[in-house]
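In the two complexes below, chain A is the common chain; its partner is chain B in one and chain C in the other.
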Partner chain A sequence: MNVFSRAAPKKGENFELRADLNSEYRDKRKDAIKKVIANMTVGKDVSGLFPDVLKNMQTEDIEQKKLVYLYLINYAKTQPDLVILAVNTFVKDSDDHNPLIRALAIRTMGCIRVEKIIDYIAGPLQKSLHDENPYVRKTAALCVAKLYDLKPELVLENGFLEQLHEMISDSNPMVVANTITALADIHTSATSQPSTSSSDPAVFTVTPTILNKLLIALNECSEWGRVAILSALARYEAQDEKESEHICERVVPQFQHVNGSVVLGAVRVIMIHMRKVKREDFNKQLIRKMAPPLVTLLSSPPEVQWIALRNINLLLQKRSDILSNEMRVFFCKYNDPLYVKVEKLDIMVRLANEHNVDALLSELKEYASEVDVDFVRRSIKAIGQAAVKIEAGAERCVNVLLDLIATRVSYVVQEAVVVMKDIFRRYPMTYEGVIPTLCANLEELDEPEAKASLIWIIGEYANKIDNADELLNIFVETFTEESYSVQLQTLTAVVKLFLFKPDTSQGLVQRILNTATKDCDSPDVRDRAYIYWRLLSTDPGAAKSVVLAHRPPISLPRTTVAPALLNELIGEVSSLASVYQKPAATFIGQGRVGAEAMQRRGADLADSAKTALQTVAAGQASENLLDFDDEPAAEQPTGLAATQVLQQPAAKNLLSGTSTNPLDDLVSIFGSSSLSPSVPLAAPAGGAAALDPFHGFGGVVSPISPAAPAQPASASNQQEDLLGLF
Partner chain B sequence: MAIDGLIVLDSANARPIVQTSFRSFPPAYPLLHINAYSSAVAKAVRPEDVDPVLLVTLPDEPTACCHLQHRSLTFLCPISGDLDPLYAFTFIRTFLNILIEYFGEVTAPVLRDNFDIVHQLLEETLDAGGHPLTTAPNALRDIVLPPSLISKILSVTGVTGPSGPSTNNLSAFSSPIPWRKAGLRYNHNDIYFDIVETLDAVVNKNGTIITSSVLGKVDVNCKLSGTPDLLLTLTNSHTISEPSFHPCVRLNRFAQSKALSFVPPDGRFTLMEYRFDPSASKPGAAPALTAAAAAQLQVQVPFTLRASLSITDHGGAFELSFTPRAGALEDVAVELYLGSGATGATCTCRKWWQRVDVRARAAHAALVPRALRLRNPRCHPFRLRAGYGARRCGARSRAGMRTRAPRARRRYRSRCLQGALLSALKIDQLKLSGETYKPYKGVRGRALGRVEWRVEWKGG
Partner chain C sequence: MTLPDYCKYSRAQTTRPALRGPTPSTTMISAFFIFNQKGELLISRLYRPDVKRPIADVFRIQVISSSDVRSPIVTLGSTSFFHVRVNNVYVVAVTKNNANAALVFEFCYRVITICKSYFGKVDEECVKNNFVLIYELIDEINDFGYPQNSEIDTLKSYITTESVVSSQIVAEESSKITSQATGVTSWRRADVKYKKNEAFVDVVETVNLSMSAKGTVLRADVDGHIQMRAYLSGTPECKFGLNDKLVIDKSERGAIDAVELDDCRFHQCVRLNEFDSTRTISFIPPDGEFELMTYRSTSNVKLPLRVIPTINEIGTTQVTYLIVVKTNFGNKLSATNVVLRIPTPLNTTSVECKVQTGKAKYVPEENVVVWKIPRVQGGQELTFNATAQLTSTTTRQVWARPPIDVDFQVLMFTASGLIVRFLKVFEKGNYHSIKWVRYLTKASGTYQIRF
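After this line comes the complex of A and B, so read on.
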């Protein structure tokens, strides 16, 4: 009913507006224009009034002129023929004595993306580029970039590019800044065409002469101009070390700018040009100057903090000395949003060392008593990471965890148990004393991860725990109801128990192998049960050496991205790439090109993985394989974090090559190989993909799973560990 | 490689109020971003926990959406290409400040009423290619007329006023200094300095400061004729560290002599922000200590807080005693988050707590006793006793239903205001050159405290 009743007055409204637009009174006309614009903004169609609005274009009132221009820009696309009528006024306006009107006309003409108008723009634009008023000149500079976007030939024919290059020497810093922006825009749109060669006139290379002009303009133009100049400086290839130093020195004062974007832009320029500087004391000094402005950014609104934190996180991976004394700055305020807290925790762990571990722990303990469950869990994880990272502080970490377990808050206890498992893996045979406390909380646990962790601990220390069989029996009772991860762990733990104490647990192991092979619907669990069964029945000695083999200790990766990638990201500090900690090409346009480049960059890493594979193929003894993970794994604990932040499907697929889920690959490869006695035969066939750091671990998200890279290394004799990937 | 545009949303219904025209994009582009934002908010437990930069994947080109909340408005800023998201955020902030400067209160109805001005501002501040243009409020005022009483009266009465800025804007942008227009005239030449220091501290349950920082800000309101060149010298300038300046300040000059030399913009602006470094005031202090590490040893929190809480089956009660250390506290507010499920609170308090706000909703309950202007200069503790009800929240688990009372946060957040500066920074001298008149100078300083006080609940 209201469709019609509403449609009718709308028509009438336009009708009335038309009458007003043609009124003889100026105010009435102006009010009508305002109403038209108002209707336009709320999405009503007022395109029918085009000729009537156009009539009001010739006016002395600049405000009215602006509104008409606004209307023109909006509807030019749908009424390209009528826009021609406006051309005369545009050309006339571009000759007006008022610089504001001249600039306005040029700007609007650049915005109207209509072929017919564009042919008329060249003349006025030519004049405006040489206008006496800097405001007009800087507007015209940007207009050239827009024109290039629509019709590059026109820009080249009229020599606008050369004029832009001349304008870099303009006396007004704002004009210089806009010129740089325009040239950079043209550069980007030119290089995005695949056919562009490096000799194309549109390609903007910063030469030493331009460099000097940029450095002068840098100190005088507006904040936005500074960002543009800084990004041009970041692209500059310094001739020698001296020039790099010079650039750094000139850029350092920008750290004191109020605008955080300028500060980060300056950080980026310095990180790039610092690479060339060999003098370590000079670099140290720069790094020292970098810390205060970064810390200052942390007192800004949360969204700025977040970006600053992401960038700090990246910078710390490259230069761990930047904020070494400033851990307290990163302590969380309780009203910080979760995304800020998470980043702060990560950085705090990164900054932790033997000297500040006490302060860190008391702070983390405080967080663990917070009300926000997600944050509490992450804090407890951070305690575990600190323990893994700092050997000297591990005992204190364990004590804090015990305190937390004593609170008996369900999610705290569960998370603490998960974390304890990692500590046990890092420091085997050190903290057996806490096992009774953990076992006392058996009933509290209802999450699979916590349960699986506790069962793993029981299995690992089955020879030290007197009532291990009783405890495991609880889980065997409910075996079929549990989730698969718990089932897998129970199976392994019972087998370990059997190997430790064959006399007492014969019945238990029989029962679980029976249940697992007959009643279990997960192929993983079933297959593993069969493997164990065969192993145990053919050669218990071999089973012992497989299941109870020594495991390499885990360690916390120093970086979350590959070194090659890190270097590239450092070059893009302050950009979206550094915030997401992924190369730009994977999430902004030109995705396919990016993937290739990415693989090329990953090639050096892949090489090391290949050599490792050859070692495997050569049939080296298992001890050698264990050695292997010390070297490459220490350097390449890697690819996993490239996808850590956002599990964007596209990027994931790029990273993992052809397979959709790399972990599946991994498990299936070793699942099949484990049946055949010799791994070396199976590994080269499919293992290439699995061992390539970029392909293999793309799907691993948890930061606490640094163990993953180590595992393929020990493949040949530790199938159970591989299959038990948490 | 730039900001794609700006969308201002009404947070209440997630509908756009004003947006740039996204000329070079498909028509659905802004809608996709609005949609991405609203679905992210819908997914989040608390709207403020949504990541500030959302990745919006379009069929051919993924882009990102930066968003920022200001009261009932949401500003969305889609960006594509490898741009610094901070660039987008600073632009949004700048634009927001311009709006505040123009309209005072910025709300959805205000923007709707002044859409023509907002539109013009958008056109002037953001180029269609995505580059911010004129963002200095001074320069903008020349191009876009702010709404004024006179123009309103004129439009109502129908009298045609002087035809806007076109009469006197021949001089616009001819000034060589981007932040100051040429040819200003004032009858009284005044300049006011407002120094505000903010203490941000976290105090643990023993009353020792865990971390604290003092940030200072010098706001200036400048009404000076012509093109004055000012030289400002500070006493105690050695106590400030990590300063950041308005672009008008000559950085090299400050590096040499710690004096601020600048040609001020017209009107209000922030001249300088700094961090107070108390270790610098002590001669012979180890310079290796960084500012933040040193500050925590020195700055005193201007009050102490003692609190206790007991939780019963159906709620809880807490007691609070607040002792100002210095007598000059002016405005105090204490806030406690009682946990989700807390339903209502009642207070009994002595007369000094002049106003007690109790805000209680099902999801969030905070108790805010607020004393306006504590009149008692001596250091008496102020006591407050309160009780609240609580709904028990249950969690289903294998062992059966478990219920527990909502957990009150073990932190008080408090704000207070103090009339004296923490850093004892003073303006020593203001020299003016380039003009002949003698300006009137005014300086005011105050300190704001934002302290998070951790407490331990017994049995909580």
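After this line comes the complex of A and C, so read on.
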């Protein structure tokens, strides 16, 4: 023992523990081990006691054995030379008559990641894989995965992989489930190495034979096993339509499982295999069966609820018919956590239609009187979204907004003003009657977005508001103190006013162009002021057709993620990617994706890339993409988690150009362009502000290239401008 | 215009066709921690080598010490922390990949349920006192980051508070345990024997209600649980029948007392494919207590309590309350533990309450008046009168008027109208079994009336 004494403490807690560990009384030794584990947990260094703890490994007491094993797992790395002393006990235990002990030994050996011990593991593992007891077999199956993680050659040399493949036919469903898990784990770690080729034995493809075994085991194994099998089924590529139907039929009963992850796993499999099924009635039936279990997930604990809600949100973007009659179940409870409430709001708006808009509005109005400022704002936004979405309900929405403005609570009023602006953009020349009410609150506005919105409204309707010049004059007075988004709006509004009423506002427009070009430190504001100035001085008629051009009404985007990404995410229901609604590569993989890995994933995504290009060409995607800047509401559904926490890695990824999703690349370009000085001023100011600069540019372009084919003018011009960036 | 990067993808496609399809979204919980409120580690178990211990400090700093965490999942770099708060501890699972989020949370909650069942509660003290057992448990229910058998009944048979000594006899027992833990009926031992064969069925319904100030029902639904305690010998085959439309739809149409269930979910012992094809609920029950099924019903919900509030703000200094509670069920039944929590404005100084039944008390720290009624029969009407005095405040703030919250329990009453039609037990031994059924409708924190 002299060898070890160098590390021996002479006094203190470890010294006492060492004495106890070597005590002749069993109870004392066991208590000492417990203390060691307690110290280990709180982070005290007890690695010095390694040999003393190890001595207590050989015992009949299972609890004590487990504790020693736990210690071993934690400290084996620090004492690699001494671990060899434990090998004997492990090998002996793996031959024990008690299957629990056999399994325990195999399980623990796999967790000890020390080179020296690995060579001893092959023998016992070989035996355990063929153990008569299924409990030992299922543990051994996972141990193969552990071993592969540590030393892949050893797994291949010993033929463990072939044995795993045989074990898929095991009579015990739990063994099958764990075998599938192990194979998937090996597959993942093998494919994450850039050097693996498709012929690598570690690559695990689900074949039709395996499929049948999985479908049988699915109904018999434990809940976690079902999840493992379901995710294997999700990877299976069905041979034909009939097979897809068969899989769906076999998986549907899992909707009734009590475990939410089994339910979502089943949803995922069905959404994937449904793609191949052409029979619409069959699909409709599946969708109908899917709705009740999804709603039931809302009775789960809040965290699970949130996962379910995020996924429901995605599913609704893919199939808007899933929960068409179920809006009421998404009404917020007073004591729901905020993250749940926010998701529910978004889903409520998605489910809103002409028939339920009244119920929705009274509910949203109720939320608008709650305490949480953030939630109140989102509720008011939701009212605006409902108005934009449902024409028949727009008037009622406006009335609710007027009621809210009447409360004179500052943030409620400001949010309502912002929302009203969107309603004006959707229904031009319809609700002019409310403008006086809005203007009456002019003094109360102190947030840039609200101010900018009101100014936009004044500018837009300058010909109908008698005292528009007075109102705008207030903002011209304080022009240099305002934020850029407000400046840009003021500028445009005054120009509009001038074009409407040239006689009365000549002085005002002179003053603002002067201030904006001379005293303003934002290049954007100056640029825009110069453009206006030149336009006005050369050809007022052209100016009119540019600034007062007809703009297409806005609409509520049906999706918040690009179509190709949506398809990808639907295939990953219940995973973290679907919760964040971002491709997995943006939050895993250390923010750096190697060229090879890129290429490899490129293969997976080739289809999506093609689709993406097509969609871009068709100009459909641009609508979505523009909405990122254009319609602030579109960005909200990304959720709190996504916006707050994800921002960092995601942005990092996108900017460094490592994102692997092609559409995401497009988005990132827009995203980063909004970081460059040209758009950000507009972006926070919401739709009005963002539309105008584009509109301005579009207008500038159109006289020069009158051949521009696209109509409606402004939208397609924006597209072209932006697509030109590539 | 240069060619966008993604155009190059198509070239790669031909070289690597075998890897198509989504990457498997695996579970792989890399580490599992339990923290106390201060961020001290109580339990720490690293399942996979891709995380190291200091990751726990990251969580402490970023989540526990941070006041602005509003999401249950926090992703930092490529590490995601899934956390659930129970009492004064955080249960945390860490993953490094595109994890199955639903499963990770289900797992966290399973750990909590198991701990509750073992120790009666989950808090810092109990975690500290039982850490050895908890280590044993989390080692058993998760291997290499993949959840394993977590049936409480089975776990209890081999992870116990008393130490087990391995011997020949135990080994035989262990074989049984292991075959149970992996078997087709992993939830049941084969050799269960009872003198008296009994089965107790508890139908427990939680009513969710939100009622608008005008008295219209915005949302009323029932979350039902059927809890079963089976003390039956051998391997009994059970068949269970309810008066639900799910069954009746197939056979007989137009039954009057049928209840429409929107959805139901079953314990894993219930044969799901059989339910899917024939709508029969058949199963071999676990021994002892378990949750047989949960269901949801939204149509024809009978509300046991009707609350009619009349609340007036008089000027800025007073609020008057008149609240009438009507019990809406047969007078042979009674509601117990009725608790109304009636919100008061934040600047309330005192509240004067008048009630004929029960006790009402103003609780300033929660800004509510709590009105407790230990017992009230069906068909009754109770009233509550109160006046709250307010201090005058300089800032003019509108009172948010949170809803009135009602808790109660009504025995032998189901809000959905669900009735257990039959429970048949078939067993080789052909013994006689006694079955008991109980019904309970309750609300706690879910029965809300706005005003």
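As a convention for this text, the second predicted complex is superposed on the first by the 581 of 726 C-alpha atoms of A that agree within 3 Å, B and C clash if a C-alpha of one lies under 4 Å from a C-alpha of the other, contacts with A are read in each partner's own complex, and residues count from 1 in each chain.
Rule of thumb we're sticking to: contacts are C-beta pairs under 8 Å (C-beta built on N, C-alpha and C of every residue); 3 or more make two chains touch, one makes a residue touch a chain.
This one's a predicted model, so the numbers in the text were calculated from it and none came from an experiment.
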item: Fit or clash between chain C and chain B when superposed on chain A; value: clash
item: Touching partner for A:T191 - first (chain B), second (chain C), both, neither; value: second
item: Which of chain B and chain C A:E443 touches, first, second, both or neither; value: first
item: Touched partner set for A:Y427, first chain B, second chain C, both or neither; value: neither
item: First (chain B), second (chain C), both or neither touched by A:T407; value: second
item: Chain B versus chain C as contact partner of A:V329, first or second or both or neither; value: both
item: Per-residue touch tally on chain A - higher for chain B or for chain C; value: C
item: Which of chain B and chain C A:V203 touches, first, second, both or neither; value: second
item: Touching partner for A:V295 - first (chain B), second (chain C), both, neither; value: both
item: Which of chain B and chain C A:G571 touches, first, second, both or neither; value: second
item: Chain B versus chain C as contact partner of A:D27, first or second or both or neither; value: first
item: Chain B and chain C contact sites that coincide on chain A, given as residue numbers; value: 34, 37-38, 41, 60-63, 66-67, 70, 97-100, 107, 110-111, 113, 133-135, 139, 142, 145-146, 149, 172-174, 178, 181, 184-185, 188, 219, 222-224, 227-228, 253, 256-261, 263-265, 292-293, 295-296, 299, 301-304, 306-308, 328-329, 331, 333-335, 338-339, 362-363, 366, 369-371, 572, 574-577, 579-580, 584, 587-589, 591, 646
item: Residue ranges of chain C in contact with chain A within the complex; value: 1-2, 4-10, 12-13, 15-28, 40-44, 49, 53, 70-78, 80, 82, 84, 95-103, 105-106, 108-109, 131-132, 135-136, 139, 143-144, 146-151, 158, 163-168, 170-171, 174-175, 177-179, 181-184, 186, 208, 210, 212, 218-219, 221, 223, 262-268, 270-273, 275-276, 291, 293-294, 296, 298, 398, 400-403, 405, 445-446, 448, 450
item: Residues of chain A touching chain B in the complex; value: 26-27, 31, 34, 37-38, 41, 60-63, 66-67, 70, 73-74, 77, 97-100, 107, 110-111, 113, 133-135, 139, 142, 145-146, 149, 172-174, 178, 181, 184-185, 188, 219, 221-224, 227-228, 253, 255-261, 263-265, 291-293, 295-296, 299, 301-304, 306-308, 325-326, 328-329, 331, 333-335, 337-339, 362-363, 366, 369-371, 410, 443, 446, 572, 574-577, 579-580, 584, 587-589, 591, 646, 648, 650
item: Chain B - residues contacting chain A, complex; value: 1-2, 18-19, 21, 23-24, 46, 48-53, 55, 57, 60-64, 66, 68, 79-87, 89-91, 93, 115-116, 119-120, 123, 127-129, 131-133, 135-136, 143, 145, 155, 158, 160, 163-166, 169-170, 172-174, 176, 178-179, 200, 202, 204, 210-211, 213, 215, 241-247, 251-252, 254-255, 270, 273, 275, 288-293, 296, 337, 339-340, 395, 397-399, 402, 407-411, 413, 452, 454
